Amino acid sequence: MQRTHKRISISALLLCGLLPLSAQASNLLVNNNISHQEVLDAQQAWGEALIKISQTYEQKGHAEAKKLAKQVLDQAYGYQQGAVLFKPTLASGEQTFRTEVDGALSYFVGSDKQYPQDSGFALKGWKEYSFDNAAVYINGDVALTMGHVKLIDNKGKQTLVDKSWAFKKDEQGQLRIVLHHSSLPFQP
Amino acid sequence: MQRTHKRISISALLLCGLLPLSAQASNLLVNNNISHQEVLDAQQAWGEALIKISQTYEQKGHAEAKKLAKQVLDQAYGYQQGAVLFKPTLASGEQTFRTEVDGALSYFVGSDKQYPQDSGFALKGWKEYSFDNAAVYINGDVALTMGHVKLIDNKGKQTLVDKSWAFKKDEQGQLRIVLHHSSLPFQP
Amino acid sequence: MQRTHKRISISALLLCGLLPLSAQASNLLVNNNISHQEVLDAQQAWGEALIKISQTYEQKGHAEAKKLAKQVLDQAYGYQQGAVLFKPTLASGEQTFRTEVDGALSYFVGSDKQYPQDSGFALKGWKEYSFDNAAVYINGDVALTMGHVKLIDNKGKQTLVDKSWAFKKDEQGQLRIVLHHSSLPFQP
Amino acid sequence: MQRTHKRISISALLLCGLLPLSAQASNLLVNNNISHQEVLDAQQAWGEALIKISQTYEQKGHAEAKKLAKQVLDQAYGYQQGAVLFKPTLASGEQTFRTEVDGALSYFVGSDKQYPQDSGFALKGWKEYSFDNAAVYINGDVALTMGHVKLIDNKGKQTLVDKSWAFKKDEQGQLRIVLHHSSLPFQP
């Protein structure tokens, strides 16, 4: 019915020293907030999706990889709800910010004449992924994260990026990325 | 595309003394918040819907009135998103709180054996409606209101109630009632 | 330092299969949201405060009871942050809504010429309190509750009211009532 | 009394076709949300503060510049409310993320043995500042921005950075930075 619609256990009420006035009282809870675990799950899912696009590209070719990337963008980002604040790692110049879904899709799978700089970040043979949050900030149905993301490709090469995300929980309980700022570490 | 997705006018940017770095910058705004005007509009719409159900009952009978009431509940309340905190004016006893849509529908149009106390509040020949907020409290995508609501029926009889509402703005920009507490004025 | 500022346990990170990239990473969490337990605690605290004001009146007189009531209003309501949407059980007419702290204080302890209808609701010898939520709705740092509240005075007389609350969590983590609608049950 | 505590004009009510039931009704509004203008103002203020620290350093020396920087961090960032997600432009390695105020202060004014890589970003003779938002995302009392920030120093040298901010409005109506990710443009 909805994301967190549950009956409060009677034992919990008894712990609070409450005597229910009516046995028919339904004791319903609606909770629209993001939990910390949901944020961690969404971060994990992002990496798994990236690896899956890479694998799909290797095994089934570009068309299937692009199809999957579009699905991921539709499900895991907030483009269908409006602009997304997306600064991909390797985007630059006047196309630094990919606020529309076409620009995001091009960044991940390339082959879009409108974005000649894109070679397809998700096609680079990614095999492993991990993230390490420096901090997480939760405010209602939005959560902010900042930290390192490490990617390893099929040749064992590591790529480390500094990454910020903002996730917005939608009405179906799905966390969607509404801000994504990724940058290569500063080289002093 | 979404509820408040608009391009910021260039004049507004100039007023801020900003020189856009790129002519292609899109300057998009997503705003999930409720505005005061949206709250007033939703309050107005509630009364108009009540009167329309009354008129439909008089002109087309109970089945049509019930159908309309169901539509109003689906569109203007949050039952499809979860429990609604609804204490109707004339509900009492173990059926005081109508957290499920069936109980709300019965309150407005009656004729439900599960709710024998309900005679159909929306069927009482309502002709006029006005509200007077004592205060409005806006917090993100939720707004709280409290005040008097005055209803006048087709015989000119006035009914004044003390009413609190909480509205939640959904992803389509529709305000939905998630709390509705209505009570007859205390008689000292 | 703040309300929910804690280090995530290393075991939790290991459960998530994460290898921290840096042993110095601080893994901080800020969470501004209301939890269901905080709501239940605030509801419990409201009843305890009411009983304490009653006891203080009996044992130490009106001045001390008024002093305590003012403290409770300052700590547990949102008057210092702005208007509160308060419809007390026994308030009526043009003074139905007590959006300012003076009106709320008068309702609880009376003796204010500006509010001649008030006899002091908190002075009525309350001894016991319980609440039974029909539903709870949590949205960010605001939570809505609706249900029955039962009060028993020192003569064993029970008073049952229909009550809605909206709590807002402040920056110190204190839940404050920003909406309070209380009404006697409808008598069919 | 509070940040947006105002009486709704009677003309506004008349426009809505409402007849106030009581001339004494107070018609109060509390609004905790961030407005788009407040976001633009906070972005403008950030740049002005940076320039002021630079000027103070030139005119009054390091001690005064550090004192001012500490004031700016206390007023314009959320460190006193908890961890801040801060990735400064020129920070790297294990000190990439400055979630504590000491690390932020060192980044801006240097001279902290704990942060040997910091030379004091705010001391670099900044004279001009402008920002160009690619998009703004507003959700309750939090707003996200992403775009270019351009800084010009006293020798006319331009620095362009990709910057994301999250602002949280506090109870006094002050916007505080709770996420700040700044990075040099990717060099293809």
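By written order: A, B, C and D. Residues from 1 in each chain.
Going forward, a residue touches a chain if its C-beta (ideal position, glycine included) is under 8 Å from a C-beta of that chain, and two chains touch if they have at least 3 such contacts.
These figures come from a predicted structure and were not determined experimentally.
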Common touching chains of subunit C and subunit B: A, D
Inter-centroid spacing, subunit D versus subunit B (mean Cα positions, whole Å): 36
Chain centre separation in whole Å, for subunit B relative to subunit A (CA means): 33
Rounded Å distance, subunit A centre to subunit D centre (Cα mean): 25
Of all residues in subunit C, the ones touching two or more other chains: 22, 25-26, 28-30, 82-83, 97, 99, 134-135, 137, 139-141, 147-148, 178
Pairwise touch network: line, ring, star, complete, or other: complete
List of subunit B residues in touch with subunit D within their complex: 8, 16-22, 25-34, 36, 40, 44, 130-141, 147-148, 150, 160
Residue numbers on subunit C that touch subunit D, as the complex places them: 1-2, 5, 22, 24-26, 28-30, 81-83, 94, 97, 99-100, 140, 170-171, 178
List of subunit B residues in touch with subunit C within their complex: 82-87, 89-93, 96-97, 99, 117, 134-135, 137, 139-142, 144-148, 162, 164, 166, 168, 178-179, 181, 183-188
